[in-house]
Amino acid sequence: MSYLTDAPIDTAALIRRVMRPSDGAYVLFDGVVRDHHEGHAVESILYEAYRPMAEKEIDKIVTNTANQYPDVAIAVVHRLGNLRVGESSIAIVCASPHRAEAFAACRVLIDRIKETVPIWKKERGPDGEEWVGWQK
Amino acid sequence: MSYLTDAPIDTAALIRRVMRPSDGAYVLFDGVVRDHHEGHAVESILYEAYRPMAEKEIDKIVTNTANQYPDVAIAVVHRLGNLRVGESSIAIVCASPHRAEAFAACRVLIDRIKETVPIWKKERGPDGEEWVGWQK
Amino acid sequence: MRVRMLYFAVLRDIIGKSEADVMIPEGTRAAEVWQMLRRDHRELAGYEQPPLTAINENYAAPDSVLREGDELAFIPPVAGG
Amino acid sequence: MRVRMLYFAVLRDIIGKSEADVMIPEGTRAAEVWQMLRRDHRELAGYEQPPLTAINENYAAPDSVLREGDELAFIPPVAGG
């Protein structure tokens, strides 16, 4: 099971993969390339990963979150490559018998994934391109 | 614009309706009929509404939440009729430039909708049927 | 005066119809209509307090005075979502 | 001894390659490799502290002592999601 993909994310398939008959709800977080960042226009974002390490780091986060929220079923997929505005870079589905845990687990997952997984993005727009987070 | 439908919910259409190029994420909450409730098996749920009032109450909640989270674009749809296990009864999409508000608005919406909108459900299963929340 | 009653969910099942026009005295309060329903339907006997009350598609205080032509609905515990 | 270097994102752009085998003395620490990179690439001059450090696909302390055959990657600020 890989958490990384080079193809467009199929959220419907992701949802089908996690939902159990005992689940009363799921929460889907879908991160999408937006047309601006810190005041400049964005046309596309190139996502790159240290793939084997990113897989392991996401897996650690998913395992820890599943332990913290044992009733929640989790699916995560992160897309790599060049994505245009409106395309999904990450989808996280948390299904649960009750909604509170589904919300909480989903929020924890995206926060942790953004903190520690070795994935980078280069924003491209009319003002040029730039690796996000790197101060020149 | 109606918030109620008798047809299966098309979440993809709902997402397309709200997403703007400036949105960096959306959160989808999807409530689904689950196979159990308070210890007994559930096969289907009949959802019924005081339709014109339910439309107005949902609209009030959406308007209040939009005022509280002005950056968030919101879509809500609640299905009525007899739904089997695994079918979606409600979908809420909150799109936003930043994820925190999308999560917060989505959570507030489902909590408020469950509290005050005149919609009822009759659970049907092998043990018979029962209006949820009514103490005989 | 005439008031339009709407019955939903468990109340419709108990009362056996989804709507009815009822004639009530001027000045009747919503909660008093609930007490009339309790007298007629012993399944409601345990419900001394009226459930949430809606007049003309808006929640209203149970002691609201009704007017000619009002649409009155008692709202059993909601369970949307 | 030989260590495998991996360069990602901004570091690959600056250094001009995505990987390299480097020969370093026994007992070298990850942070010392970072200082070697800073000497060779003035775009890194402002970065006295090494970024996050990964050895063999796991985050490691910058003062970790490297071993023969280790895979070393400096992790510029991550931006997944």
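Think of it as A, B, C and D in the order they're written, each chain with its own count starting at 1.
Heads up, the rule we're going with is that a residue touches a chain if its C-beta (ideal position, glycine included) is under 8 Å from a C-beta of that chain, and two chains touch if they have at least 3 such contacts.
Everything quoted here is computed from the prediction, not taken from an experiment.
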For chain C, the least number of touch steps when starting out from chain B: 1
Chain centre separation (chain C, chain D; CA means) in Å: 74
Whole-Å gap between the CA centroids of chain A and chain C: 49
Where chain A and chain D are represented by their mean Cα positions, the distance between them in whole Å: 26
Of all residues in chain B, the ones touching two or more other chains: 31, 110
Per-residue overlap in chain D, given as positions that touch at least 2 other chains: none
Contacting chain pairs - touch in the sense defined above: A-B, A-D, B-C
Interface residues, chain C side, partner chain B - complex: 6, 8-10, 13, 43, 46, 54, 57-59, 73, 75-81
Residues of chain A that touch chain D when the two form their complex: 31, 47-50, 52-54, 56, 78, 89-90, 110, 113-122, 131-136
Partner chain A, residues of chain B touching it in the complex: 12, 15, 19, 21-36, 85-86, 97, 99, 103, 106-107, 110
